[in-house]
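First chain A sits with chain B, and in the next complex the same chain sits with chain C.
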Partner chain A sequence: MMRGLRAFPGLLRVGFVSALAYRAEFLVWMLAYTMPLIMLALWTAVAAEAPLGRFGEREFSAYFIGTLLVRLSSGAWVAWDLNFEVRQGTLQRRLLWPIHALLTFLAENLAALPMRAVMSVPIAIATTLWLGPVWVKDPVQIAIIPLTLLGAFLLTFLPMAMIGTLSLFWESSLSLYDLWLALYTVLSGYVVPLELFPPQLKAAVHALPFRFMLAVPVENMVGLMTREQALIALFWQWVYVLGFAVGAAGLWRVGLRRFAAYGG
Partner chain B sequence: MRRYARLLLVQLRAAVLLQMQYRLDFFLEIGLALFWIAAALAPLYVLFSMRDAVNGWNAYEMLVVVGFFSMHKGVLATVIQPSLNNAVEHIRKGTLDFLLLKPADAQFMLSTSKLELAHLTDVLAGLLMIAWALEHLPNVHAGPLDLLFACLLFLCGLLILYALWIMVISLAFRVVKVDNLSYLFVSLFEAARWPASIFRGALSLFFTFVIPLALMTTYPALAVLGRARLQHFAIASAVAGGLLLLSRFVWQRSIRAYTGASS
Partner chain C sequence: MVIEVDGLMKHYRVHERPPGIAAALRSLISRPTRLVKAVDGISFKIAEAERVGFLGPNGAGKTTTLKMLSGLLLPTAGQAHVAGYVPFQRKPEFLSSIMLVAGQKQQLLWDLPPAETFEMNRAIYGLDKAQFKQTLDELVEVLQLTPLLQKPVRQLSLGERMKCELAAALLHRPRVLFLDEPTIGLDVTMQAAVRDFIRRYNEQHGATVILTSHYMEDVAALCPRVIVINDGRLVWDGALDELVRSTRPEKLITVKLDQPASPELLALIGEKRLISQSGVQLKLQVPQPELQPLVSGLLSRAAVVDLTVEDPPLEEVLADLFAEHAS
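Up next, the complex of A and B:
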């Protein structure tokens, strides 16, 4: 563990340089996050006729720009990488390193964040110019923005790492990720702000992990939550992070015993 | 011409046989497709539980547009995407040489090389959505002529989609990593799920002139609802024809510049 922590800055540097090297490809991946803008078009058209609850055109715009920003800063791709490395057998090289393999993946995914900021900071500035100061004003809530974003990133990364680890048992584990993504799309507030959901559904959505991956950081960022609500949500978000971290580490231990390194 | 029809049958048979080998994956894919359809309908369900109409479109009229979108997406995922991803693989590995040597048109051979039959689910679901919506639209009497008109417009949309996709793939001859370009294309295409009038400002310009989404889903929907005019067909067929010619030209230019990737 200590060795992993000491090596971590170096791994981050390597990851950053490799993200920089493939910057054109990286840019195309970033441009593909169009869903928030498509939803923004729909919901602002709705709100142009009359506001829905406390959502007018301005609130919808801020909310969906917020989802875009959170998506940009919490993306991970470890499921594909792990599945690929298991099938190709190249995972064995990584296993020889004196650090937990999941930590090396974490470093690679985390290291892309500065590049992602290159996209998201101008978007945030442009939004401020377009809509005025829509962001939260409470100092405590501003202070926890980075924490909620990091939590959202880890809640994206850890379940993905678990599904990637499942490749050790089952080759088509990526289908499971597809299912997870479909659930996420609806239940995280990606296509509809969660408070517009019918009341029966709201209770279920409230307890599931998906909203902590997107809606919680967004609602905190654009001031749709009170300070108390935000702090409670932050607490539960990190409880989920801890739970998934334990789950991923456990699954990895079990799965690794089955790894036989196909290929050479 | 007859030769190509026979060739098409042979290609399709091979593609189907290939699919039959992976039966579990096939059913898994169908299940997932159903899940995604439900996910795509969720925002509309929420929206129309609070509102009767948006921008002049009520729930069922909107569902017709979504139905056409789902059909387009199904065809894209069944035929176009797998074949042309196959093309990128050929280009990268240098095995395109073998295909070019065959005594048939390379674009034809590539375009029919692979099928993902599970995604026909989206096509079927799209048809069902349209039929179901028509049941609930008492003021719309879609006669055979309207339906024929809608089919023609839908076909134009498919041709536009195919032409755009060929042009994206032609990029693979220049930049090797094209799999994320296809991903970008699919995510832009998602915007076609709403009636074109929803988009305003810069977005509406982009989706009219760069990617003519309105032609693909809104026009056929208008035809089903009995609101399409002949000029809609004129525009759609002109754009489809123009883009097909352009894509053929781009493809041939790219093939000519291709020098093989292997030894």
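Up next, the complex of A and C:
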């Protein structure tokens, strides 16, 4: 593990250079994150008639700009890479390295974050100019923004890594990722703020991991949480991160015994 | 011994289904499987700094064995120790002391120059800058990589890529080098260059080299010892020349005369020894003990323009060996 952590800065550097090499493809990929903007247009039109709970036009705008920023900061693609590399047998390159293969995927996915900043920083600045100061003002909540974003990224990456690892057991596990993504879209606050869910559904949604992948960092960022709520949410977010990290490592260990790249 | 293998096995099940829609529908209910014995109880030992050829026909289990020895595949049964470690425990110290180079699989970063892969490997293997620079400088000089370092890998030729693959694989100076078809697809000159480099690395660093190749020139040039497997079973383990002697004890003689062979000369040679006659050139196959008297007879009774004595081609020796074991 220590060897992997020592190698991590070097892997991040190469990952960033790779992201630069694919810059055009990468920018197009980021532009595909249009769902929050569609939702923004839809919900602000609804709120123009009358506010929904705490959400008026301005709150909806801030919330969906927040979801766009969190999505840009937490995107990962490890499930596709793992499926591809297992099927092509090219995973063996990583398996020969003396560090955990998932750590190398993590570095590659994380190294693209500065490229995403190219898009997310101007969006944040433009939002501030457009809507005024919509961001949280509490210094503790500001301080935990990076932690909630990192937590959201890891909660995107780790379940994806687990689903990708299942390709060591099945011929392809990407259809399972489609199911996960469908649940995420509905239950993370991506299309509807969770606050607007019916009360009986809200309790279930609060216990599931999807909220910590998106709604928690967004609500903290735009000041929809109190400091206490934010700190409790941060705690549970990182409990989930730990749980998925242990799960991913365990599944990987079992999956490796099934690695079946026989022959050349 | 740097490698000890005892009763190593890899068996697995494959699904089988005939072509066609009916068979595809039937497979939804029942999928028959077949047990494949890719490696079926092989045992051998390899000492430090040995160069060993690992031979066998396609599907014999060579690559599967190398993958088990490099910790990629979990053996079904049996024991293996490489450099003092059990490969599938995949300890970082073990993975830092070996490398598997497969001619058909690349480890270079496709869209970046090779220098980036070298830097990545420096981070992965935790090499300090001075050691990394020294090793890289050596490799760059021996493999003549300078003009390739800054070019994206996708723009390199196959031979150039293989040279960079070797450099990337050897930056951490592995003690055990598994080479799986390292010269596949390369032209004759590049094959020779890769062979020379492998021999040099083995001699300079005392690394153990196990090589699989379908090019028998690779094996003949590099490996004093060969291990031959067929259908997952070991059929030969010993010196290459001994394999040739015991499987095909005949020598091949090609003799060129200044005029077509006389009936007396043909009688001396004998019908059984004559493989072919084309003008003034004769090809003979002679058992080892009869070689000297026959060559003396030829030289004394005919005007010989040229004469060569060779072992039979390794491909034919192996074909005989596999046929013998199949029967």
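Quick notes on this structure:
Throughout what follows, the second predicted complex is superposed on the first by the 262 of 264 C-alpha atoms of A that agree within 3 Å, B and C clash if a C-alpha of one lies under 4 Å from a C-alpha of the other, contacts with A are read in each partner's own complex, and residues count from 1 in each chain.
Here, contacts are C-beta pairs under 8 Å (C-beta built on N, C-alpha and C of every residue); 3 or more make two chains touch, one makes a residue touch a chain.
Since the structure is predicted, the reported quantities are computational estimates derived from the model, not experimental observations.
In the superposition on chain A, A:198 makes contact with chain B only, not with chain C. By the touch criterion defined above, A:257 reaches chain C but does not reach chain B. In the superposition on chain A, contact of A:142 is made with neither chain B nor chain C.
Looking at the shared chain after the overlay, A:34 reaches chain B, while chain C stays out of its contact range. Residue contacts after overlaying the shared chain place A:93 against chain C, while chain B stays out of touching range.
Of the two partner chains placed by superposition, A:115 touches none, neither chain B nor chain C. By the touch criterion stated above, A:179 is placed in contact with chain B alone, chain C being left untouched. Once chain A of one complex is fitted onto chain A of the other, the partner contacts of A:25 are limited to chain B, with no touch recorded for chain C. Within chain A, not a single residue is touched by chain B in the first complex and by chain C in the second.
If you check the complex, the residues on chain A that touch chain C are 3, 6-7, 9-11, 13-14, 17-18, 21-22, 89-90, 92-93, 95-99, 104, 256-257, 259-264. Those residues of chain A that touch chain B in the shared complex are 24-25, 28-29, 31-35, 37-39, 41-43, 45-46, 49, 52, 172, 175, 178-179, 182-183, 185-186, 191-192, 196-198. The part of chain C that touches chain A in the complex is made up of residues 10, 12, 36, 38, 59, 63-64, 67, 70-74, 90, 92-96, 98-100, 102, 104-107, 109, 111-112, 116, 119-120, 122-126, 180-181.
Within the complex formed with chain A, the residues of chain B that make contact are 24-25, 28-29, 32, 35-36, 38-39, 42-43, 46-47, 49-51, 54-55, 175, 177, 180-181, 183-184, 187-188, 190-191, 193-194, 198-200, 203.
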